[in-house]
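Two complexes come next, and they have one chain in common, subunit A, joined by subunit B in the first and subunit C in the second.
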Partner chain A sequence: MAPLKSLELEYPIIDVNFQNFCASHAIFSVEDFVLHDLYQLAAFAEQQPTSERLKEGITQVLNIIDNLHQPWLNGLELLEDSLQNKQVLSTGFEGVDLLLQGGLREGQLTELVGPSSSGKTQFCLQTAANVAVKNMGYVAYLDTGNSFSPQRIAHFAGQISESAFNQTKQKIIQKAMSSILCHSVFDIFSMFDVLRQLEFDLRSQMDRGEYRVPLLIVDSISSLISPVLGGSGSQGIDP
Partner chain B sequence: MTKILFTLFLINKSGVVFFSVTPAMALKGWIEGDESADEMLSRLLTEGSPFFFLPPLHRLPLRVGNVLELVGPSTSAKTQILIQAAISCILPKEWNGVHYGGLGRLVIFLDLDCRFDVSCLAQLLKHRIMEANGLSSKEHREQQLGDLLNCDAKRQPNMFYDEELFAVCMRRFLYVRCYESFEFLTTLKTLHYRLRRESEAHGISVYCLLIDSIGAFHWVDRACRPLPMGGDNRKSLSLLGVSETVVQEVSNLLLLHPMVVIATRTTILGDKSSANEVPW
Partner chain C sequence: MEVSSLPISASQRGKLISAGYTSLSSLSSVSSSDLARGAHNAWDMLHEEESMTRITTSCADLDNILGGGINCKEVTEIGGVPGIGKTQLGIQLAVNVQIPLEFGGLGGKAIYIGNFMVERALQIAEACVEDMSEYNRFLRNDFQACQVKMQPTDILENIFYFRVCTYTEQIALINYLDKFMSEHKDVKIVIIDSITFHFRQDFDDMALRTRVLSGLALKLMKLAKDFSLAVVLLNQVTTKYTGGSFQLTLALGDSWSHSCTNRVILYWNGNERYAYIDKSPSLRSASASYSVTHRGIRNSTSNVKRVKMM
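Let's look at the complex of A and B:
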């Protein structure tokens, strides 16, 4: 976190005097500022000879802190944003689409929880195939247990594509398969790497908008997290 | 009705007991500064009913300054309770002759789970508005039985006001997301100034602070145990440091902006060390 010294250049009110005052209360960085009781600090500042300047400094740091959280929205802005920017992705299963009122929503995390061999991987493969065939963009598939099967994807894509002609069907299947980007990750750090790279790619292409990744599938996240948390497997995370 | 009378009786009684027992010597000035039991009663009555009428919160005499924690396993409708409470808060008591029974105040929603679905809120709000309107338009229809034209004219203004009322209510719902403890703390720290600005802009004050999943960053904070640098006085962003700061900030906030705080917490299924649950 930024030490207070580094803010002196940009905000001259955070001068050496202010920094010394903060240091006397064990505040060396913005993080310490956030953890400290500011009313108490202001009360101490009152007792100092340069109280006005110190209080201005505290207000300035508060303004800096105000930029360090997510923006405030009201209900109407939220609703407009969700209607305009967030699409609904059909999963390919009618029953599930009915339950989810249309399908998977962009901007939302959908967790699929269940015991082993309950069809979760098949669901993921079918959804990936559906999104790929319907040309909604690329699908990022993070596979932690070697369960990704291209044969199944081809089978699902063939089922979904409505063309009767073999050649066009093959083309559709090929196009769909090339829009599914599969990464094998076996520990949480490589997953972070993949996600960071994805974020970087999306951010750098935002102006052109051709590289769209509406769906990110992680199969399965519990095998990445349970080694980190440790303890017995009954910590509530089912595979 | 009897329940409300009983509670008022308690307030009255406790007010009287307070003023008769405390010695008047050094604390006289301090006591005289407070309001009398009579003033307190009249303030509580004019503040509107402090009861949320929707179950399961209707059994609790929630008042400003109370902090309520809703604990339950993952799919026990805790966020639903928060949304219903928010709707009760943002709906006005009356709007164009239709009684909605709400409080007409602002609501702050801190989403730490980042799973909030605004379309759910919008749907429930529309449903509540139409429910309240449906009754009044039914009465109108009964009054003007044989006159279809009059009915349509009366119904259309209701639908128009629905849109406006919906927009007004949605604007009273203030939302912010926090992706980590640090963002949560910075939001709490700057909440006071934000609330002041919003109260001035809307002309009404905040009644409710809703925090979705106060234990959202529990595992992350527990896992990150940064080494304490620079001596004992210096706090760090560990679980203990964050919890202490959150409690401190919320109590400071309650002093400046009297409001009800409702937070949800998810218990982990199958965890034998979780606290005993009080049967509801």
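Let's look at the complex of A and C:
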């Protein structure tokens, strides 16, 4: 976390005097600052001879912090956003759509859990095919176990597209499959790389509106995390 | 990020800035959107997959339920009770991967880690060469040029054998395989016989074991994908106490079952040996019978054999 003195260059109000004052309350970094009782700090600042400057310093740090977090939204804004901007993606499974009240919701994280061979990968493949065929945009598929099967995707896509003529059906399948992008990731760091790249690409394409990625699938996250998770004690995984 | 701070030559930087591109984000919106940077789309992958040859097991029924044979780029786990034929299957695959392209094979080399029986491998290799000559005589008797050039000793030469004595050696070896592969690009299959052996004894810390095994599994997956080879893991069985009864299940626990692409279980049914597809993203659940002969793995000769689709 950033030490307070690194802010001095840009914000001269956070001078040595201020830093010493904070240090006397065991505040050395921005994190310490946020965790400390600010009323108490302000009260102590009052008692100092340079109280005005100290209080300005406190306000300045709080301003910096304010600019770094997401803007506050009230409930009404959230509701409007979810009604207008966040679509519901049908999974292609009627029963599951019913359970999820329409399907997978954009902006939400859905976790799929099950024992081996219960159909998790098939669910992911079917949902990817469904979203791709219904033209909702690109699907990003992160595969950790080489279980992405283009053969199955073609099969599902064929089932979903309702066209009667073989020719057009083939074109639909081709277009759908070209919008499913599969990355193979075998460790947590490459997954972070892919996600970061995806975020970057989406942000820079936002105004163009051509590239939408409504669905991101990770199959499976636990195989990436289990080599890293663990250590002493109970927080492990049942072998 | 500013263009001025990019690590490019001064002349290039000057050109970019004079054209008006001062920040990295302005650049990326101009170039064709590479959401696909490093990714493949499903359509291309489909065509790639269709053109990939599979490794035959020499048993037509087994090949059928496997969709043609063992697939490259995938990790297949084969487990079963002792004596069912896991090592036999492993050796058969190490020989079959070397079948030349003219005979519909991959013409690749094999890496075998673990329990290798040389005399048996020689026997299977001899049978394979005989089969190829017979195929030659049967189908291509007009073309005298196509003679089987392979000898059983050539086949043995193309199997790289590693022996491991502890789990540390096993982990070290799998880490080393990366380097080995870049020097021997024609290796098309890696067989580990067995993946479980060194991990079942002397492991006190179960959580550590799970972590190490899942790390191992990911490395093998990456190897299979990057070098387009098949990875075959042979596994042992153990007994699990669930719901009041004892069941036979593959060793290394539930978490290991997520670490392979396909899972095949070998079992006895009366006097017959059967193979069953337990887990696969693209293969249907099915079982087929096979037999172990002195020539290797072959079709079962029983009259009532039947491939069961589930």
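Heads up, the rule we're going with is that the second predicted complex is superposed on the first by the 210 of 239 C-alpha atoms of A that agree within 3 Å, B and C clash if a C-alpha of one lies under 4 Å from a C-alpha of the other, contacts with A are read in each partner's own complex, and residues count from 1 in each chain.
FYI, a contact is a pair of C-beta atoms (placed from the backbone, for glycine too) under 8 Å apart; a residue touches a chain by one contact, two chains touch by 3 or more.
Keep in mind it's a predicted model, so treat the numbers as computed, not measured.
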Overlay on subunit A: subunit C relative to subunit B, clash or fit: fit
Partner chain in contact with A:Gly95 - subunit B first, subunit C second, else both or neither: neither
Touching partner for A:Leu78 - first (subunit B), second (subunit C), both, neither: first
First (subunit B), second (subunit C), both or neither touched by A:Pro12: neither
Computed vertex angle (subunit A) for partners subunit B and subunit C, CA, steps of 10°: 130
First, second, both or neither for A:Leu229, with subunit B first and subunit C second: both
Partner chain(s) touched by A:Pro49 [first = subunit B, second = subunit C, both, neither]: neither
Comparison of subunit B and subunit C by subunit A residues contacted: C
Touching partner for A:Phe28 - first (subunit B), second (subunit C), both, neither: first
After fitting on chain A: smallest Cα gap, subunit B-subunit C, Å: 13
Overlap of subunit C and subunit B interfaces on subunit A (superposed complexes): 228-229, 236
Subunit A-touching residues of subunit C, taken from the complex the two chains share: 25, 28-29, 33-43, 45-46, 49, 73-75, 206-212, 214-215, 217-219, 221-222, 224-225, 252-255, 257-261, 263, 278-279, 281-282
Complex contact set, residues of subunit A against subunit B: 25-26, 28, 31-32, 34-39, 62, 65-66, 68-76, 78-79, 82-83, 105, 108-109, 228-229, 234-236
List of subunit B residues in touch with subunit A within their complex: 90, 114-115, 117-119, 121-122, 167, 169-179, 182-187, 189-190, 193-194, 219, 223, 230-231, 233-237, 241-242, 245, 248, 252, 268-271
Sites on subunit A touched by subunit C in the complex: 115-117, 121-122, 125, 128, 132, 138, 140, 144-154, 174, 177-184, 186-187, 194, 197-198, 200-201, 203-205, 208, 210-211, 213, 220, 222-224, 226-231, 236-239
